[in-house]
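Have a look at the structure below, then the notes.
Chain IDs A, B, C, D, E, F and G follow the sequence of writing; residue 1 opens each chain.
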């Protein structure tokens, strides 16, 4: 049991809760102060690198909801360590940077809280061993990123982007949940480390493929893979530190993490290779193409992030040892330079007031430190030696070249993408800083150190990683690749591989990229004219889909909840009849009715017919009082039937109640308007037919039930014991006050409530409005 | 046996009164004639059938109860008839065109529903005549 | 005095209802009646005299009228043309108290063919609907000498 | 002393007390706190008694079952009673400030206790007709509470509420009459033994469908839910919170009771119907919510949607499914009541329930934002809150039964739930204050008696998440008892059969 | 001749009366007409109850007639109350 | 007789439901009352008819064997009383609704149902009370 | 209403109805009747009085507020159930005095319960009718 992991998560959560207060107490230094925690945790975990490299795994377990498969079970291996370090390290920098970037913002405290919350969640994702715990943290990242994207919540665009990100990743997350549960049920455990060991058993299940597809949906949405990529550029509405942290370095890589984490289970299947590689490639191309034409620094970076994520997914999909190594290396290097570039973009924006790359130039004099960071990071992004990006690119080419039988396609794709990265790194890292000073909304000043130091650190690390690959990059890459492959792997990284096809490709890449950079304006201008294509893209589909969903919801709700009582009743009647009919006909052959109806006398016929006639008359009458009178006939008729069939108590109550109802009705009715005929004849006919189905159902049920043999009834007990045990000769009354007196207790409570209700209703009418009551004149 | 015959005859007599009342109710031309004819006759009829029951059981307890019922009927029915007749008059329910005399006309004061013996011919005492027939069916 | 009698009557009614005239029932009926009267009639007191013979003769008269009227009604209703001569006739009365008026009105109403519609506010006139108003004067006389006189006698 | 009876008796005693204290509103308010606390204590002691799986029984009037009326508390009942007690206490506290003097002076508290009495009676009774009676007590109380005050919308909502619920009662009563004719008994334990012996399964299933519709109306399932969105948003928030926590749940409770105890002759049909209706209920409810702008309307439609989840667990008809339903019930009652109470506070602070007229709360009222966010996220099923575990339990149960369609629907609906919760968030909290907004009244919302219940409900949601294991364990045990109707029958009938 | 036939005859007459009263009830034309018809129905109901009691030898049925005799006139009075108040 | 009563039940249900589907609130309530009557008769009839054998134990006897089933009678009695209370409340509710809202046409009582989108120009007037 | 006849009739009919209502209540356990119908008849008596005179008069004669009747009725019914409960038997267990009283017959908690029903019914009916008629 290793207490460090849960403690780390817990501490981050606690700090998140206190962040607003710390911010209040130390408005100038809060970010720096709070960065101490992630930095400390970073160092603590870094200390474990050698142990992890040696194959040691740190675990922690705590019972949570075992019955539901949820165990708070953590697990730190090489993969988790790589991610943890990125999360904590970049997180610490972002805290420092953010404090300065958002200095004076009245919601800065919340910013810290959400960043820390996110950090805890993300850390949880990458160290969870239990699939469901992983999901818990996964969703937490969605929520905290929702809160962060919508940081500028008073802008409609921010709210839209936040919702979009939440819905897309949340939707994927739900699919993933289903997939994880399926996986857990097939394997009988939710512990990922165990599931990873039983790939063969899992694959044998028919549910394996659905589980895979569902989990894939989660990973693809989270990592902004085509066609779910569109939320990521939208998320650039967030403050720049957030973009740097969530949308380049960490959260978007959660999907990549998940694929890597579960690849031992899935990677040997053809579906995995086809789908994951395919999605990766598609995303990579889409990101690259969409990046062309962007002039907003952040958008430009965002689309290249999409492309890079595609690259990583593609490599994971391919799944060879080399590919995994490439993927891990690429991931590491990407996090460093992309994080740095976002932070640079933020600094530039902060100082100049714009992020429009076409307006930015010559800033190196005003912002030298920023320019340095930008240049270093761009070097890595362009894949130029001696930066780490260069090595990553070389290994990537090595992988694509070896990827038989599709090496041609993959290599060509990688070439195009990397060339584009060269061009973009020129646009982001060179263009704003060189040349003549441009016109910007704000006069540029050097950014404060706290804005420059974090990108410098990241970019510098990227450079150092290239210079000392075996010290700085190889251990992490090796540790993580080993964890993904669950087998030992020796990773050797070097800046110089000698003259090989990869180097040739690199040169070609550089040439193409420089060409694109030089001629960016016409190319950009051309693609700007292709914007209308976006109408067929998934982003538009999302918007249209959401709008249509809203519209459909409104339409359906209006249709159903339309306010017409008549419709509600019809629905209820028809539902009842349909369900009851279905149920009866399902298991019986036709109706079993009775053929012996019992003796019948003429006076009973008269009573019955009178009741029927009276009831039918009610449907035709327009006089309210006449209706009451005829209701009286129905009531008296029924009372006589009750009496005739041995229920004098019932008859008595019925007579008494009829009289009281008349009094009641009369007192009420002269305040009510007279009847008017409001419905058209066809509608009345329809109503009548629907009502008749209900009536018919009851008639048939009565006949069916009375055709059955008499079963022993509990009433026998009442008839036998009413006098000896309950001292009453009137069995009905004994039932009412003794055998089932409890019913009567409830009954008088209802009565009491009715009384109070009438009283309160008449005496207390807050919304009273004077209504001129038309004189009743129908009779 | 004799008792049963007597019972039957009293019963039929009562039933006959009730039937006559019903026929009267249906045939009489206006409300007041119907009222004059019917509920009372029916009450009497009901009383007779009740009496038949008392004779049938010929048990003091039941007889007493039957008498109670008859007395209750005699106490309540005229009150009800009076009330509805009076109300009908207020309501302007018209008398049959063949009615020979109407001493009540113009004696009810509409403001407080007082019946004034020496009422003057004034609009204060004019009760609007109701329409014959209503919109019961449509 | 009236209250006491009313109380006795209620005790009898109770016993009639429960169909037992044994002492406990009578006593209970009396107590119950006392309670109920205390609830309802408080504060009104009038003298009362027994008039058994008058009551008996009055009942005989009433039964006679009842049978006569019923037969008349049967004939009327069953005739093809009914031969109706209805009318509302005002009949002057001079009865001593409200109870007498009520009794009169009830009896008139109970008699088939006649219906007491209302009594004037000054209690001097009763308005009767009759199915045979061919001679209103004659009807008034018949009423006054029959019903009204006998009721009046009952209350003297 | 029979503790089984107490949850029913305490409200009755307090009905009488508050009636006698009619002219002393302050005393009534005090009594409401005492009464609801006593109810909660009684429920807890009952829970403690039956948590091991024992079934507590008392025969009213000392008449042996199945002749008299039996009160039965199995673990499921006890859990429902405990939830009722919690809701009662918190609503009583909220009412201190949330219910005006006028309403108190016109019988609010007797009605409050009557509602509780009806609800507790329904949870406790072991007699199908007696269940009808407690339903009526509950309904009558709710009718009056719904209309109490006589505001325009209240009256209009109450009309439909009353009529449609009476239709349900009519069906309930008819079905009960027929059931008695067929089986000759009203005691549910006795029925559970006699119904399988009825040699006409079609008829029993038909009766089951009548009950399904009758309880379905009360539970507000598709396509019988219309009364709920038409009326729930009209009374004071305290009342709506009470209703949302208890009324429809009694319908669900009854469905669970009869479809685990009585109608098991054609599970393939009946429970599939439940499942299908559950799916439609989820979808239609959440779409309805998506179309609303009034917070209370929106939340009302959510009630419908959540009922679908409860139905899903029942329709799966497995121990895990029932356990999920029970767990989900606890979750949804807390979350939904919290949301209604928060909506009430929002109304007090910002002057409106209409999302188009409020805004800026995130900026100015961070505590309110947290107060809202916890139950909202819980309702949307986000971890680590109770809603997540409820959803997870249902998904697991559904997948275990191979009912993939309903699982897919439930997950899709949970996304839509999230969507409509974010709608409130975006409009009321994130959006700037609109021009047409009514005047703000910052202090009005922050009375202890208003905030505490909302906070407590939200915390319950958190606690249910953190303590998911013991709570789910309890639900699972309750489900275990439900899955063995013979236990129930034996406990009620003793050595009779 | 069986004595029962006479009982049935009586019941038949009352039943016929019921039909006639119903016709009047439906035909009206005024509300008081209908109320009078209802009054008649009440009387007929008492007759029917008494006949039942005889026919089935059930004295207990008679008790029901008491309540009709005592209460039902209140309905008529309520109607009258309505008619007078609406004028 | 069962057949006749079954038909009566059907007719009462039909008419009750039909009336409940009317637009006039008063008619709706009349429909509800009829429905109540229909149910009572349903319980009574399905409880098996037993002519003229009231469940009253004769004096001198200890019990009664051949009689109408007393239980449905007790159930109906309870139901009648409950529906009386409910009817009273519903009637008054209808009346108050008419007094306050000025209509008792059910088609005009739709404001609490229909969704705002279909309301003329979105934002409604201020709600009353809390 | 302005009818002398009704006014007078109410004076003798009201006591009669009240006596009859008690009759129904007490006899209900053995003959037809009972607390419910008894309560209705009692309420009818006061309603008659209210129609014949006015509601204020009827209220005066009733003396207590109908609401108090309801509360007392519920209290009586509840207490009748508690008697058994407090002696350790289940709620609403019927307890009977050994010897029957004259007139009333055997006295027991079920009868007490019926009295509660009676009171509630009177209270509710009058509360409803009075409130409506007063408006």
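Brief remarks follow.
In the analysis below, a contact is a pair of C-beta atoms (placed from the backbone, for glycine too) under 8 Å apart; a residue touches a chain by one contact, two chains touch by 3 or more.
Fair warning: this is a prediction, and the values are worked out from it, not measured in the lab.
Taking the mean Cα position of each chain as its centre, A sits at the greatest distance from chain C. In terms of C-beta pairs in contact, the better-connected of the chain pairs E-F and A-E is A-E. Mean C-alpha positions place chain C and chain F at a centre distance of 42 Å.
In this assembly, the C-alpha centroid of chain B lies 56 Å from the C-alpha centroid of chain D. Centroids of chain D and chain E (each the mean of its C-alpha atoms) stand 48 Å apart. A separation of 30 Å divides the Cα centre of chain C from that of chain G. In chain A, the residues touching two or more other chains are 554, 557-558, 561, 563, 565, 569, 623, 626, 644, 648-649, 652-653, 656-657, 659-660, 663-664, 667-669, 698, 701, 705-706, 713-714, 718, 729-730, 736, 738, 740-745, 747, 749-759, 761-763, 765-769, 779. Looking at chain D, residues 12, 15, 19, 60-61, 129, 133, 136, 140, 143-144, 147, 149-153, 155, 160, 163, 167, 174, 178, 180-181, 186, 226, 229-230, 288, 291 sit in touch with two or more other chains.
Multi-chain contact residues of chain B, defined as those touching 2 or more other chains: 16, 23, 35, 43, 62, 65, 68, 72, 75-77, 79, 81-83, 85-86, 113-115, 134, 136. The part of chain G that touches chain B in the complex is made up of residues 1-3, 5-6, 9, 12-13, 16.
Residue ranges on chain A touching chain G, taken from their complex, read 648-649, 652-653, 656-657, 659-660, 663-664, 667-668, 726-730, 733-734, 736-738, 741-742, 744-745, 748-749, 751-752, 754-756, 758-759, 762-763. Across the interface of their complex, chain D is touched by residues 20, 25, 28, 32, 35-36, 39, 42-43, 46-48, 71-72, 75, 78-79, 82, 85-86, 89-90, 93-94, 96-97, 100-101, 106, 109, 111-113, 115-117, 122-124, 126-130 of chain F. On the chain G side of its complex with chain F, the touching residues are 31-32, 36, 124, 128, 132.
For chain G in complex with chain E, the residues that touch the partner chain are 1, 6, 16-17, 20, 24, 31-33, 37, 40-41, 44, 47-48, 51.
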